[in-house]
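Each of the next two complexes has subunit A plus one more chain, namely subunit B in the first and subunit C in the second.
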Partner chain A sequence: MQVVKTLNGDELKVQVIGRLETVTAPMLDGELKDSLEGVATLIFDFSQLEYISSAGLRVLFSVQKIMNRQGKMIIRGANEDVMEVFEVTGSVDIMTIEKN
Partner chain B sequence: MNTEYGIEKRLRELNKDLHERYRNCVTVAGQILGRYENYFPDFTDHTLLHTLDILDLCNRLIGEQITLLTDDDLYVLMMGALFHDVGMGVSYSDFEEFGRVLKIPIPANDEERAWAVRDYHQELSGLYLKKYWRMFDLPNERYAHAVIQVCRGHRKTDLMDEAGYPVQYEVEQGKTVYLPYLAALLCLADELDISTDRNISFMYDVEKMPSARDRREFRKHMAIHGLELEPEKVVVRAWSMDQEIRDGVEEVCAKLKDKLLMCRRVAAQRSPFTISQEDVELIWEVGV
Partner chain C sequence: MDQKLLSGQDLENNLFQENEWEANRYVARCMRVLSLVAVACWILDLLGVFIIPKIIMSISVPLFLVMALLPTLFCRYKLKWIKYAIMCCVIAGIFVLSCFISKHVIIAWTLPLILSCHYYSKKMARLVLLMSEVLFSLSIYIAMYWGEWDQLLLDAAYYSGERIITSKLLIDNTLFFVLPRALVLLGVYTVCKTIAGRTRGLLEKQARDSEEHQRISAELNVATHIQTSMLPCIFPAFPDRPEFDIYATMTPAKEVGGDFYDFFLIDDNHLAIVMADVSGKGVPAALFMMIAKSLLKSAAQSGLMPDAVLAKVNNELVENNDAEMFVTCWLGIYDFVSKKLVFANAGHNAPVVRRRGGAFEFLVFRPSFVLGEMENICYRTGEIVLNSGDEIYLYTDGVTEATNAKKQLYGNDRLLKVLNSAFLKDVSAETICRTVKADVDRFVGEAPQFDDITMLSLKLLSRDSITVVPTMDSITEVSALVEGVMEEQQIPKKIQVKMNIAVDEIFSNIIRYSKADEATVECDIRNGRIGLIFTDNGEPYNPTRKPDPDTGASADDRENGGMGIYIVKQFMDSMEYEYRGGYNILTLIKNV
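Presenting the complex of A and B:
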């Protein structure tokens, strides 16, 4: 898995490439831990995310909690498999997920 | 409610990877179970709070036998506790798909659908996990099957069935879990979570519930205000002046005793473990 971060003012764009699951989710968590200070808009670009499991969702829920306090979080570009996970787990109810 | 969950601590000590896999599912399961509340706001609590109660009760039923349980046993039990009611929160499309597998008659309206979901939810939970187990990072399909069987076993399933519940089920080469005992624990813990604590009264307006069956179910639960696990028996404390509710609580206790005896028999005959409680005592309190 690869994480590419682009900061533009107070907007942070995070592109996640590969699979976000039990082995790789802690890497994303580590990448984001120190990057959110002063960020008002966090955009996840999931156009190259192949799959997400509960481990990845846990990281997203935790980041969502932080962003609820300091701005907003948007998920873009999720493929059908990833969207299915969001829908089946009720994640669509608590996160802003823009459909393709 | 006791928050010292020995089983979770024990899993963390024995196997950090399985513990992390479980922890990753807690928030997600909470989200899925929360959906059920949107579908069925008047039903008894089946959310994450109920799951925590169940873990606490399992912890107490296991007691000192915890040292005999392996990391795999604990993981399967805890995942079963987390997901056993997930069938209550399945989407409409999954309900239609699973309903065809289970041959559930097509409900004529929302109330019928709600009762169908409640009546079949252990099987719906099983089918949900069968379809989606990969997204919950279960290590392999055999672990998924073990968790499914524990979930299904919490209601209306024959835990003496050797084919469905082999005494030791292999989840990986050389690693087995005590499937009948784990399912019996969950089944009993679920039945034991009957007291008023399960339904925080201010969240529900019983009188406005549209269904008479719902109102009666709720009043029974609200009348039961204490449950204690003593070494040899389960003590239920209740109060009500209403004879219909008192009769209902008696029924609940009789059902609880049946479940207790069944689960004791499963543990005794199909595992090296025991369930020490052998009776249910109902104490009617005065002037509560």
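Presenting the complex of A and C:
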């Protein structure tokens, strides 16, 4: 998995490439932990994300909690497989997911 | 089994009927021989060796020949009256001769009586006696007037002059010629009657014996059926257990045998396999085999370990073993979860084992004492691990000691050679058994089978599986295996993703919570279904019981747990958990 971060003012764009699962989720978690300070808009670009497991979801949820306090979080470009996980777990209701 | 027994009476009737047809042919044959004798005499007479007037011979012999050869024409017809017709011909032939040359053929009158012995029938003998007596007497009186008569009874004047038959001559003839000879015939008749009676008795006894023999062989047929149906003989034996393939055969040397095999599931997790050989053969061995088989099965099913099973069965067999029989037995109990085959051996041949990709080798283990000879024997236990793809072949000495016409033994080497032949790689258990049996048969050739030939093949079907110490690093290996198998089977990408997620969720759970130090993941794709089986030796934990997370809660209120299992439940078609023998076994099924 690869994480590409682009900071533009108080907007942070995070592109996740590959799989977000048990082994890779802690990496994403580590990448974001120190980067969220002062970020008002967090945009996840999931167009290159193959699939996501509950470990990845957990990271997203904890980031969502932080962003709930300091701004907003948007998920973009999720493919069908990723969307299915979001839908099954009810994540679509608690996260802002922009349809393609 | 449905073979109908002929009743004793039917059998006897058949026997006598057959004898009658045969007797007809024999009598006809005797008459042909007699014809040759008559022709020879005729020729000698014509040559002047005999002094019978040629004209008499030339009339009487052809007439006789007609009568004597007539039976040959119809002796083969299977009709009731043929025998009477034949005997009539015989008597008529001799009557003709007797009319012309009575003094020369007196002895021939015994022939019909002797020939009638062939029919083993007193009735026939009586009938022939009656006809013989009448026609003999008649022929003598006829001969007095026209034939060549016994000159001893006559004065020389009879021959030199005209035949003057006085009443004194008639009385003399009757008293001193006909009567004594008629009595001789009566004597011959009594002798023939006893011969016929006695032979008939023998034939009847033979009929009874053959009836008895038929009854015994019918019963043995039933016994064979019972015995073979006692052994598990429906294959595939466990159609709902795709993880192993088992096949066994028993070919008794006689109708019933002393060898046996057995296999049965003790529970879902344990398979018992038995190969045994009772000393001796035939019915005694078969009876003992039935007892031994039942005892072994009930002891094994009570959950005892192989050594304890053998010890228990041994004591039970010793108790009532007056016939001094014994059993050699190899018993193994395979645990599908721990993959261990625990076994004990009571004096039986060593099985052969093949590891996945390897060659068959003898499972060397010092055998303990045989069953049924001595009380309180301790049996040693052995243990080997059989992984998927491994197989074991059990047999009795009927295989290795099969003997050909040159008295050579089949032997261990030939057995290993055929088992390791290239065409027995990756074949079914049935093919293994059949091929070895065919090889033994080929080796033995025409030589008779001395011992029962019995064998059993158990194959643990190879499945793609990986066993690892569950750590975060190992999860990548597991995923790689499952992905590899799916790629190979060309599983659609969308389903692959779901399977990958499932592996990630379940295996990460095992890593985090089970405290297991060993976990196995098997991937089995067949018939449009993907099966994922997770086995770990950690603490009992049933993920299917885990309550579903509240998918409506906000991110702030979300509990961390349960999400992964919930995703798997949603993505899979079935998810079943089982705790067996210290192992958590979770089976996921996804229809493709």
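Rule of thumb we're sticking to: the second predicted complex is superposed on the first by the 100 of 100 C-alpha atoms of A that agree within 3 Å, B and C clash if a C-alpha of one lies under 4 Å from a C-alpha of the other, contacts with A are read in each partner's own complex, and residues count from 1 in each chain.
Basically, contacts are C-beta pairs under 8 Å (C-beta built on N, C-alpha and C of every residue); 3 or more make two chains touch, one makes a residue touch a chain.
All values derive from a computational prediction rather than experimental measurement.
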- Item | Side-by-side fit of subunit B and subunit C on subunit A, or clash | clash
- Query: Which of the two partners, first being subunit B and second being subunit C, lies in contact with A:Met95: first, second, both, or neither?
  - Reply: second
- Message: Quick one: is A:Lys72 in contact with subunit B, with subunit C, with both, or with neither? Answer first, second, both or neither.
- Response: neither
- Query: Which holds for A:Glu50: it touches subunit B only (first), subunit C only (second), both, or neither?
  - Reply: second
- Message: Going by the contact rule set out at the top, does A:Arg58 touch subunit B (first), subunit C (second), both, or neither?
- Response: both
- Does subunit A have more residues touched by subunit B or by subunit C? C
- Task: Give one of first, second, both or neither to describe whether A:Lys33 is in contact with subunit B, with subunit C, with both, or with none.
- Result: neither
- Task: May I ask you to decide whether A:Lys5 touches subunit B, subunit C, both, or neither, giving the answer as first, second, both or neither?
- Result: neither
- Note: overlapping subunit A surface for subunit B and subunit C spans 21-22, 52-55, 57-58, 61, 85, 88-90, 93-94
- Query: Which residues, counting only subunit A, touch subunit B once they are in their complex?
  - Reply: 21-22, 25, 52-55, 57-58, 61, 85, 87-91, 93-94
- Flag every residue of subunit C that touches subunit A in the complex, lowest number first. 472, 475-476, 494, 497-498, 500-501, 504-505, 507-508, 511, 549, 551-556, 558, 560, 563-564, 566-567, 570-571
- Message: For a test of understanding, state which residues of subunit B touch subunit A in their complex under the given definition.
- Response: 17, 20-21, 23-25, 27-28, 31-32, 34-35, 89, 91, 94, 132, 134-137
- Message: Going by the contact rule set out above, which residues of subunit A touch subunit C in the complex?
- Response: 19, 21-23, 50-55, 57-58, 61, 64-65, 68, 80-81, 85, 88-90, 93-95
